[in-house]
Every structure is written in C-alpha cells, then in structure tokens.
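Each in structure tokens, the structures are laid out below.
Consider the two complexes below, in which chain A is the common component and chain B and chain C are the respective partners.
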Partner chain A sequence: MRGGGWAAALVATPVAVGVTYSLAAATGLAGYGAGGFTLDRVERVLGEAAVWESFLWTVRTAALATLIAGAAAVAAAVGFRGSSALDRTARALAVLPLPVPHLIAATTAVLVLGQSGLLSRIAASAGWLAGPADMPALVYDRGGIGLILMLGWKEFPFLALVAFSVLATRGAALEDTARSLGAGPWQRFRRITWPVLWRGLAPAAVAVFAFAAGSYEAAALLAPSDPQALPVLTLERYTDPDLARRGDAFVLTLLALALAAGAVLLHEWLRHRVERLDR
Partner chain B sequence: MTLAALTLACHQPAPPAADLATVPWDTVLARARGTTVTWRMWRGDPAINAYVDQWVAPRLRQRFGVTLEAVEGQGPEIENQLQIEHEAGARGTADLIWINGETFHNLRQADLLAGPWAGRLPNAVYVDSASPIIRRDFEQDPAGYESPWGTVQFALIYDSSRTPSPPRSYEELRRWILRHPGRFTHDQSFTGVTFLKQLMYSLGGGVERFQGGFDERTYLEGSARVWEWLEGVRPALWRGGAAYPGGVAELHRLFVNGEVDFTMSYNHNEAVTKVRQGVFPAAARALLLRDGTLANAHYLGIPTNAPNPAGAMVAADFLLSPEAQLEKARPEIWADGTVLAPSRLPAKWAAQFAALARDPRALPRDSLRKYARPEVVPEYHERIAADWRARIRRRDR
Partner chain C sequence: MALGLLAVSAAAPFVLLALWSVGRDWFYPAVFPPKFTAESWRDLLSGERLLGATATSLVLGAGTGAFACIAGLPVGRSLARLTGWRRHAGAALAFLPVAAPPIALATGLQFSFLRLGLGGTLVGVLLAHAVPAIGYGSLYFLGVFAVFDSRIEEESRSLGATSRQTFFHVVLPLLRRPLADAFALGFLVSWSQVPLTLLVGGGPVRTLPIEVFSLVQSGQDRLAATGALLLLVPAIAALAATRLAASRTEVMAV
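Up next, the complex of A and B:
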C-alpha cells in the first residue's frame, strides 16, 4: 500500500506540476507578460466561438472514434471467442496493429485516404475518377472522416485485447451457469455477456476517448483547418507569432484537462448508478 | 510547493555572458577551447544538417577545440524554452540559436538575448553591411545581438512540364487560379503568411508604404485589399478555400502528388535542392513574381543564459568566415546566400565566390537582386496571420 502510494505520487507529480503551471500561466501569474492575477485571458479565450467549435468538434470526433473501436472490439470478442484455429487466428490478427505508432498510422492514413492517395489512385486506374479532386475529401475534411477512421482503427486492437481478456476471465463461468439454468443464446448475451463486457471495457474506452481527444499528431495530419482540432488549436496558440497570445494555450490545456476529467467522472457516475440499480 | 522546490533546485549562478563585449578575442578563443557548443537550430533539411555535422563540426574541433552539437528547435520553440528557463532561473540548454525576424523581435522584447557581441567577431569586417536585407532584420537593428549567417528569398515553385507558362505577377496568378479551379493554395504557417504579406505589399502600392513602423491605417487598407483578393479567388482555391494545409511540408506533398500545381518556399533554392534529393519532380522550378518577393537574412544569437557564450562566439565567427560561407553557398551543399560583400573580401576569396558554379535550374542572381524586397516590422506579420485565421480560414456559419 505504501509502495503504491509512492508510485501514485510519482505518476501524479508531473501532472500536478503541469496543471499548476497551466493555472498560473492562464491567470497572469506566469509566462511572458505575467503581471499579477487576472481572469481576463480565461474570459477572452472561453468567449471565443472558434474555441467552442473546436471543443465540440474534438468531442464528437473522439466519441465517434471510440464508438467505432468499441463496437468492433465487442463484435470481435463475441464473434471469435472460441478455441478453434480460426478464432485464435482472428484474435491474433485483431491485436496485430497494437504496436504501430500513432504517427505512422496517421501518415499511412494520409497515403491511403488522401485525394492523391492509394484509394484514389486505384479508383482512377479503374476509370472511376478523372483526377484527385474527384476523390471525396477524407483528409482535412470538415467531417473528420479520415481522422475518425484512423483513430478507430488504431484504438480497436487495444479495446479488442481488453474485451478478449474480459470475456475469457469473467464471462465463461457465468454463461455456463446460465446455460445450465436454461437461458437461451440471446438471454445469455443480454443478461451476461454484454453487461460483463461493457463494464470491463468502459474504463479502457474512457482512456481511449481521452487519448483520442488529446492526441496531436493524428489531428495535425488529418484534421481540417476549420474547425480546428483542440490539440492543434492549442499548439497554434502556443507558437503564435504574437507573444501575448501564447498564454491562450494554457487556458486550452485546462479545457482539455476538464474534458478528460469530465469523461472519467461521467464513467464513475454511470457505474455507480448501474451498480445501485443492480442491487 | 512542488513548483517552488523545482525552481530552487534549478537555480544556478549567473552564466558568463555578461562581458562578451569587452573580453579580448584571444581570451574568447582560450575560454572556448575544450568546450562543447550546443546549437539549437531547425533540423528539417538533410542538406543543411550534413553541412553542419560533417563540414562545420569537424573543422571547429580541429582548429578551435570546440565540439559542436546541433539540436532541434526553431522560432517559437526556442522562445518558449528560453522563457521557461528564464522563469525557473535555470542555466540555459543552448549556447547558439538560429533565428531571425519575429524570433529576434520577441527575444529582444523579453530581454533573452546576450550582447552586443556580433560586431566583435574578426570575420564581421567582411559582412555586407550596406545591404538593406542584412543591415536590418525585419526593420530592426540587430545592434550586435545577432550575427548574420545567410540570406534567402521567397519564391513560388511549379512543375515546368505541367505548367509550361506560369503566372509571373499576382494579377496573372489571380487569373491563373480562376482558370484552373482547385489547383492552388497556400499553407497556414510561416510560408503561407509570408505569401499573404507579399500580396498585401503588392496590392498596397509596394513595401515602401509599409516601412517605418506599424501603422494601423496602412495595415487596414492593405489587408482589406488582401481579403478582397482572396474572396475573389476562394471558390477556385484547392478544396474551395475551405481547408488549408497545416505547414509548407504538407503543401509540398500536395504539389508532389499532383493535387495542386504550385508550392512555395522562403528559400529561393529549395526547388533545386529538393529536385536533387528526388523529392520534387525533375522539372520543378522556382519563380519570382514581378511584384517583388520578400528576402531576408537569417542570423545567429546567443541566449543570456547560455552556459558557453565564448564557444558560441567562436562558432559564430567560423560560420561567418569566407571559407564556411563559400562552402554553404555551393549549390551541391546548400546554396544559401552569403552575407559577405565580395568587394570587402581578400581577392582570393572574392574570385572564388565569383566562380561559384551555378546550377542551371537555379534562379539567376540578377533576378533575385532585382525583385528582392525587405521585410518590415514583425507586427504586420502578426496581424495578418491573426486576421487571416479569424476572417478567411474560419468561415461564417
């Protein structure tokens, strides 16, 4: 327990330092031009419509990517849970992309999905497209389709790995019991497999959401210029030619932190509620 | 409390950058011997890295006993890092930095540059101090707080096989864009903003009108013409002007993949080096717009918290030497413009500069000189960048 406390402190300290500095820099206590406590910057940044468009766009993109990855993970875990050679091969294939770095995945997405990318070239050689401009925009597109697909693809193996182990360790015995009590396949899925799966997957899905919302490299390569992804907007402000605007980035960092914290709290609250209902 | 502890832990005695202006050069050389110079610089071009790591570094070690270590970092990153080090009272992590324009302006504003020292370098006598491009850095007097290193000029890049007769002025470019919808765009970062700034000077009656400090009215009149020009061509821009590549590297990619017909660079020679590297198609060429294109010099600075300012001065002096400048100007090395005036050089060196082989694909020196326009105060850059983001990039919904 004592060791655990130290480990937790070790993990939490850099975060605490970062949050403390961000708070100070957002409120005029640190950074260039710091001149004493003021909420002017916070008010100005949070009053910008562009900031909230960016925030909502990022929430939507991260949520859709998490949803796609989660649904695919559940489907894979339920569909290939047996011990046949096919099932085992499918499970191994599903987790194969896990070690691919996000930067490589994003670059690959540009090369495949871009208007001059692989898909476009295949379509052009098949005579379906006359030129790059005929290819639907999947990169830098306002819908963020390229980014959602890439993040969904990249996060799927992680959630699948969690789903496989949840079902293998917690699902099987309960389902056998239910079967011996006469439950049909649909009943077993609805009353046992699904609840076990989602509760096991939810913390991992929250982590995926927070990561997807905060990841810079994928958004920098795939997201549109309007609205901007929150991490891209944050770095743009941090490197603004005008020194006075750089502190804006710390307000945006705190906003991103609030988003991630909100996702964690929402998960805790849901879990609590469901557990109370169960009892 | 954690923050306070960290700050205390980082506190070191003041670095020895105070007496740079007065110490005899022999003492500087003696102090530098046996030291390491950390040079924070943009590391994005293999040709530049090769010049620095394989040509400059070994000579610095051999002749001056100085070990050169180049590390990544440019413009805003350098400013932010120095600012944070300054707040923490920390000893610096860089001795030499590669800067110009806004970075110089911002670092001077925050008092993070050591100096004056640049005029003391023995090789400073050869500098072309009559050139408006070198004497003023975005209209600011370097005042010895940075030493010139090289010159570059803005150019558009096109594929001469794809676009045999490219536009040669902003007006011709406007008509070209309208005739070729979806085939032109600019990036959102430094190079793209420079393109917009040039457009502002061209539409606003020449860069001279913008000289002499920032003027709100001049800016508003000039920028209004830019917004009008952009709105006029917007439907014919790449993606209908709804999306823009993040940086010039992405714009290069669009150009290479045939999504657009132009890219651009604030280095007139990038077309040549990228063709050599096999990145650009063989027929890629640079072109200068007749309205004039911006040229500037890039410089070397020493942060106030540099741990090894003497070593940094020795390195800066060697980089300014005719020998190092000549090597850097060779088309097969980097083709960076020299900051030295041939007329001030000993005859032997002047002849070698004159005899520099020209790459037939490169822009002729006469045209470069003819169309070069100086940069003006950085406020114009800051304002047009911020207003473009708010007015053009972000569309009303």
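Up next, the complex of A and C:
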C-alpha cells in the first residue's frame, strides 16, 4: 500500500479500536460481567422494539432535516446565482451560520420553540393562545418537529455552500448552450440545472445526514423521551445504574457506527460517480 | 423578501441569545424582557464557573487545532498523491472518525482511555477531540493538495534544494492560509464538542459547552444564554478571520 493508504488507516485507527472494543463488550468478551463469547446480549438488544423505534426515528428525523436543508439550499443556489450585490449578500448570509455549534442552535431552538418560548409568547400576545399549555408541542414531541427544524437550520449553510459552488463551477456552459438553442427557463432547470445540482449535492447531503443522525446534544435538548433518539438512548444505557445493562450500549454503538460507515461508503461512491461526470 | 428571511435566520441566534442573557423578570407571555440586567455577565467575568470552563475550552481548542494541522497536513498530502479508487478508499478511511457519532466514538474508546490512565484528564480529552479533528484536517488538506501545483516543488528540487528545505521554505509558506483554516477547523471541532468531553472527561474536565449544556437542561435560561453567546462569538470570529471567500471552500466542499 502506498503512503497515503497507511496514513489514512492511521487516522481511522481510533474508530477501529472503538469498533473492536464494542464488539468484544457486546459479545461478552470484555466489560462488566463478561463471561465468554455469547450472542445473547446482541440478540436481546436487537430484538427490543424500543431500540428499533429509536433507530428508525433517528434515521427518519435526520432524513427529513436533510431534505429540508437540501431543498432550501437548492432554492437559494438557483435564486441567488447571479453576481449582483444582492445575490452576493444573500449567499454570504446563507453561509454565515456555518460555524454555529449544534449546541447553540439547539439552545436557541429550545428558547424559541418551547411551550413558553418566544413563538408561544408572540402567539399569546396576538391572542391565538390562552397560555403555554395551548402551544402545540414542538420540542420533546413524538414528531420531532423542533429537532427537525433545528437540524435543518443548522445543516442549511453547509449544503448551500456546496450548492453555490456546484452551480458556479459546473453546468454554466451547458445552460448557455441550451438557452441559445431555445430552451425556456423551466426546461433548463429541469434538464440541466437540477441534474447537475442534485448530483453535486448528493455526497454533501449524505454527510449532513450522518452528522444529523449522530448529534447527541441536539437530540438531548429537543427530542422526546419516547421514542428516544439513538445517541441519547446509547448514553442512557451506558450510564445505566444497573451495571448489567451497560453492555447494551455497545450494541447500540455498533449500530450507530454501522450507519455512519454506510453513509461514508455511499458518500465516497457518489463522489466517485460525480467525478466521472467531470471528465 | 427571501433575502430578509436569510438575514433574520442568520442573525436570530445572536439576537435572541443576547436578549435572553440580559433579560430580567422576563416571564410568559412577554415578548420582550421588561427589565435588563448585566448580572449574568458580571457573574461571568468575576465568577469561576463559566470563566474556568472557557479557559479549558480555549486550551483544548488550540491543542486540537494544532493536531488538525500537524497530523492532517501530511495525511492529506499523501492521500492527494493517490489516484482513482485508492484515493476514494483513503478518503473514506479519513472520513470515518468525522462521520462517526461522537457518542459512539466516546463509548467505544473510553475503556482504552481509562486503561491508559487518561480518563478524567485534560490530556485525555484533548486526544479524544483530536480523533475527529485529524479526520477533518486530513480531508481538508486532501482538498488543498489535490489542486496544489507541485511543479513549484520540482523546480525547487531541480535548483538543488533538499526535500526538507523545499518543504519548509517553499511549500509551507504557501500554505499559511490553509494552515490557518485547518487550525480554525480543528479548534471548532473541540470548541463545540459535548459527548467526547462528557465521557472521556468524566466530571473533572468542564468545558464551556458542557456548562452550557447542563445550564440549558436545568432550565437556567439566562445563564445558559450567556454561556451560549460566549460559545458562539469566538466560533464565528474564528471562521470569519480565516476564510471569508466561499471560493476558498470550493476546494474542500467539492
């Protein structure tokens, strides 16, 4: 293997260590109460309805957030693709919140979307609500609406950045050709702009999905307690007062790492596809 | 109108957190705080809790930024020398610690940290933060070196410079901006980290995000908002100082 391969393997080593230990702890080879190789714990945890609800809920929430952020990114990229001052300001504003930590976004979301938060207060002042209890639950709700909105808001700047870049570097020539051949704006969008855009955005969207699904602090502050988001469920089992249950967390860790690995593979495969388009 | 929406969306956290950090007796259903107080900011500047946590976070952030540069650069460079599917495979490996949920990394690694005697120590938390940061740094420098014109290195070598001389006197000066960017990237990874600090740091290591997190969870809105603003401003400043142009990040994003 050439130098680059070894270097990258080194970077991934901590993940490998984590996976190895989690495998050992999940199968009774290590950790509290380890009694030798057994698949009992794995079977039990994977057989729990609560675990699958948690997993599916987490995936669905992250997917919805990614979709919203992606749609907004496409709209912003297409709407503000010119070089006027307005367009450039809009693009800068779209990207500005990029370094805002998940924790800050979640904190703001709690303050704004909570039962007695800003939105509720504005509605009460306008006479639409009688009190905090009347406010529809947007946080700690089964639908995860508050969490989805917050994750969508957080991931939008990154997807917008990628979308702007994609439009700026690809497709301009194709679009000009299409225009000169008489294609109308909707046709140009449907046949050229959109295909170029979604292919360029796809890898970033997969990455965003992985980040959204893996965020602990966002889920801890905004997600319901039933079903629990996977990161929160993992920590709960890991710190369970019943020491025998703590090993469950490693099965959940493996589940989360498998999801992440899948996203990584998909991401690189998509980038490979996109690069072939460039040639 | 869309422009206004973007502006409001971008400014919302700053404005709202600022309001919440100085509002007094701000009870439901008031839309604006009736009174203001600098109490929590005074507490912050004179008190131990948030200030100590901020100092810890700054130290960790600087260390993590350094890791992202020092380890990320050589890894990214050697990755950029690969081509085709090998490069994608290498990038996938470097991406793993980035995409892995920090909570999963933390649970998987805590045992190792405990065995090494690093549990509950600042060094331990620093190394834990370095895990995703080096991944980010590697991917970033992969992007940088993928478009880096290596002919300048060849010229330097052909004029008689050794590899070392070429690297330190020709390549490195050209990489000042990318190094600053990578440092900011690593800094941010550590600055906003919660799960890794929670598990590897245990109780002893209190960082600013940990403090803010527990303040929000315990419903102490004003203090939480103050801490959150403290967390937010350097993050924006760090990125604003190092990379303003969107074109710069095309290299990384695409």
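Throughout what follows, the second predicted complex is superposed on the first by the 253 of 279 C-alpha atoms of A that agree within 3 Å, B and C clash if a C-alpha of one lies under 4 Å from a C-alpha of the other, contacts with A are read in each partner's own complex, and residues count from 1 in each chain.
One rule holds for everything that comes next: a residue touches a chain if its C-beta (ideal position, glycine included) is under 8 Å from a C-beta of that chain, and two chains touch if they have at least 3 such contacts.
Please read all numbers here as calculations on a predicted model, not as lab measurements.
Under the clash rule set out above, the superposition-derived model of chain A with chain B and chain C contains a clash between the two partners. In the superposition on chain A, contact of A:A220 is made with both chain B and chain C.
Look at A:V59: by the touch rule set out above, it reaches neither chain B nor chain C. In the superposition on chain A, A:D242 makes contact with chain B only, while chain C stays out of contact range. Counted by residues of chain A touched, the larger count belongs to C, out of chain B and chain C. Residue contacts after overlaying the shared chain place A:Y140 against chain B, while chain C stays out of touching range.
When the two structures are aligned on the shared chain, A:Y21 is found in touch with chain B and with chain C. Within the superposed three-chain model, A:A30 lies in touch with chain B and with chain C [touch as defined at top]. Judged by the touch definition given at the top, the superposed model places A:L119 against neither chain B nor chain C. After overlaying the two complexes on the shared chain, residue contacts for A:L174 are found with neither chain B nor chain C. Legend: residue contacts after superposition of the two complexes on their common chain; A:V78 is shown touching neither chain B nor chain C. Applying the stated touch rule to the two superposed structures, the overlap between the chain B and chain C interfaces on chain A comprises residues 17, 21, 30-31, 110, 116, 131-132, 220-221, 238.
Contact residues of chain A toward chain B in the complex are 13, 16-17, 20-21, 30-32, 50, 110, 114-116, 131-133, 137, 140-142, 220-221, 224-227, 232, 238-243, 245-246. Residue ranges on chain B touching chain A, taken from their complex, read 2-3, 6, 75-77, 79-80, 83, 87, 102, 106, 109-110, 182, 188, 193, 239, 242-246, 250, 253-254, 257-259, 378, 381-382, 385-386, 390, 393-395. Partner chain A is touched in their complex by these residues of chain C: 2-3, 6-7, 9-10, 12-13, 16-17, 20, 28-31, 71, 74-75, 78-82, 85-97, 99-105, 107-109, 111-112, 131, 134-135, 138, 188, 191-192, 194-195, 198-199, 209, 212-213, 216-217, 221, 224-225, 228, 231-232, 235-236, 238-239, 246-247, 249-250, 253-254.
Residues of chain A that touch chain C in their complex: 2-12, 14-15, 17-19, 21-22, 25, 30-31, 75-76, 79-80, 86, 89-108, 110-112, 116, 118, 120-122, 124-125, 131-132, 153, 158, 161-162, 164-166, 168-169, 200, 204, 207, 210-211, 213-217, 220-221, 230-231, 234-235, 238, 249-250, 253, 256-257, 260-261, 263-265, 267-269, 271-272.
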